[in-house]
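The following pair of complexes shares a single chain, chain A, combined with chain B in the former and chain C in the latter.
Here is the complex of A and B:
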């Protein structure tokens, strides 16, 4: 049996509690609180205690999907990214960069949000970038 | 937050409004309960009874949408009773005369007429807050999600400055952010008007700095907010949207309208963990790795930047969002996306973002607890803001008048709906509703209504009802309870199949562009 225990940060509210994800043979089996964390101090709320339970849910998207004849079908990364790059490029050149809107995410990391707003501003050329802070 | 979470414990008074703290931010709720045990007085201003209001010394139940009125009333009492901090006002602020003139007419009796809060309770609350040695204001979306959201926030700031409760430990104005990295998404420029670190896109010097760093020309006009993007998708001005880890078709106000608008897009890309309601209408869906499968940093509501570590490999062929953006940028032949790891991205962030200037993954991995602003590698971080001076120099008072919410009740829609969260679920439910245990606790949507209102429509016990507004209708279970004021109903917004946001009003604050989720007129019928 291969067991590991990784300290990370809860994916739910903005309290930013540290939690430990317990992994057995590649499967996340549970959560333990972090004793030395200034917010949780060894405690978690019910959402934190269950922060592992959706991660390997059977509904997780496992491949890119492309809409074809009205339905979504599985596609390779290469095909999906090619299509996105083509479409964004052609909409930008036909209608201007401000015809594109980008939503960053309150659930993604700082590094990812930085990169997406850089993509929006430097690659697409628009300041139409926002996220759900208002929602 | 101006102050950090552990500081709550040493506050002498905590004023909570528009926050169901123990359900939506449980570990902050716990801190406030500790403060109470240590002798702090707690005031809750909320139309609903919550765990926090039950342990509070005072619970003021305002009519939804009347926050400027009661906040002005509290300040009117403080000024007329001579409880204002004259020294702080003189040394640290400007515009006091504007405030004094604006709040003068908000006597407790006048405020009672508007808000329904008994005049005597308002007087008690004002004294309790003003006389405390260290008083902290806590709010969440119950203050911001109004057409007067900015006015509400400015009024909280007015109150803190009037009593000198800023720039010291265990005081301050403390908005609780609802999602684990909503603070970071704002900090890192996921906003249409600012680059990372709140540097204005319209400032030529700032623009020049980023143009040099990113080696390209950059737009200097403020872009569209999410609310405007969705609106302009409907009119055809916005042709494509790229959505990373967001679910606007459950989270937006008036989602029936939002869905029609977004369906009008020529091209929609959604990058997510699950086939969310928004992904269902996308042209391309990209599978993203979850928090448990990647590294990087999240910034908590008290500006605390913390490392995230992967526990498992990405599920299926999913990839971390940063890798997906990087691959896409490379496909579009864009330079400047060649990062080997999130650690390298943070180094670029630190170089361009003064408030994050002292952060690196290496420094954060040493167990340091660091709050921004953290200006350099040897800067200790800033647990509380505005010590000695405000970022603009003097703190500015704003004289603000009460304005009515955008929508009012009438014979057809006689009740006010307010929305919010519950203990067991998170936002649009894509994650928490897939947790067996959380779903066992609460698995379906419900509306809370007062026994008097239930009696009016002939409802006995727990039954199915139809709730309709001027924009849509949903069917869900009724919970009859005196936890809510008569005339007001509450629906949690986590449940897509009975989505509260099919009912809510998309009228928004003119400055913050935040929709008025907390006040709309509805009718409830037994079905």
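Here is the complex of A and C:
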């Protein structure tokens, strides 16, 4: 028998509101706002209030999936990343680097977004970098 | 006061399955279920959370367990309303009633800052009860407005709504699995700003005879809508019309779930 709250940051937008995940016997059952946190100050939007619902959802993907002959099959991260790298490489050599666009995230850290734009510009060679807040 | 509550909780934990109270760690403060052997020095009394809802959730999940809860005046009122609606079993609940300070009462415009423990089979009061604080001055200002001005006031306020459902989710006496506010018959899905006045008046209507004036909806509202100005006036009307004060009296059932045969409406006021 166990009930506790774990404070974390909302996984959705870039505001960074804190929220509490209500956990009963290891199962996430709900969300409470973080009333003593300086960002949200006890408020959440509808996404934050429902941030618990996907975590243990049965439809959640647990491994990468690769589509072959129209069907998805489970794959390892190594295989999936290699496939992505191969495809990006072949698109670049066939159609040029500007055939590739990169979408970053408002939810990533500055450092992660810096790396992503660096990857786009220096490795792929395109300035086509945008972010989820404009999607 | 806090040490007294911690000592009492430690003592009671020897017999109870757990006590719902706020725990402060380096992660922040939130409700938790303290159990025997837990570090009660982490137990704190601020900020407020809807603990009545937590108690209900835990009682439904652990059907044989007996819990305790550290509760303020507003929490005990919410617990009373939840008992009436069969969401909490009072015989499986021990209450540490915490008398709020004058400052806390003023912050909440709370008329009843001390918990009423008479209805509860097992309860202890900690702290010295203080008198009720003056009501929110916005209520009196609002009452001076004409009907048209009132309409404009709420139209302006509710235009700020971002439809987060936070006022419902934080409410210690909202518990339905199926909510009218998510029923496409009443509330059009995907529409932002939600329909005025339908969306908010459904909520207000459902708060009638239920709102215990804890004001947690207002503090949780990201848009700063003064919801309790509306709910205070509804409480006042319900009090005047049928003499019902939510959370005050464990013996009288929720009026909207009963016949009004024994509670005739004051015909003068109902006009």
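What we mean here is this: the second predicted complex is superposed on the first by the 96 of 135 C-alpha atoms of A that agree within 3 Å, B and C clash if a C-alpha of one lies under 4 Å from a C-alpha of the other, contacts with A are read in each partner's own complex, and residues count from 1 in each chain.
The rule is simple: a residue touches a chain if its C-beta (ideal position, glycine included) is under 8 Å from a C-beta of that chain, and two chains touch if they have at least 3 such contacts.
All figures in this text were calculated on a predicted structure; none of them were measured in a lab.
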Output check: A:45 vs chain B and chain C. Expected answer is one of first, second, both, neither. What do you get? both
If we overlay the two complexes on their shared chain A, which of chain B and chain C does A:117 touch? Say first, second, both or neither. first
Chain B versus chain C as contact partner of A:56, first or second or both or neither: first
First, second, both or neither for A:108, with chain B first and chain C second: first
Looking at the overlay, what does A:6 touch: chain B (first), chain C (second), both, or neither? both
After lining up the shared chain so the two structures overlap, which partner does A:18 touch, if you call chain B first and chain C second: first, second, both or neither? both
The chain contacting more residues of chain A, comparing chain B with chain C, is B
Considering only the contact definition stated at the top, list the common interface residues of chain A for chain B and chain C. 4, 6-7, 18, 36, 40, 43-46
Would you mind writing out the residues of chain C in touch with chain A in their complex? 17-18, 20, 23, 27-33, 35, 46-50, 54, 57-58, 61-62, 65, 162-166, 169-170, 219-222
Taking the touch rule as given, give the residues of chain A at its contact with chain C in the complex, in rising order. 1-7, 18, 20, 22, 24, 29-37, 40, 42-46, 48-49
In the complex with chain B, residue positions of chain A that touch it: 4, 6-18, 21, 23, 26-28, 36, 38-40, 43-47, 50, 52-57, 59-67, 72, 77, 80-85, 87-89, 91, 95, 97-123, 125-135
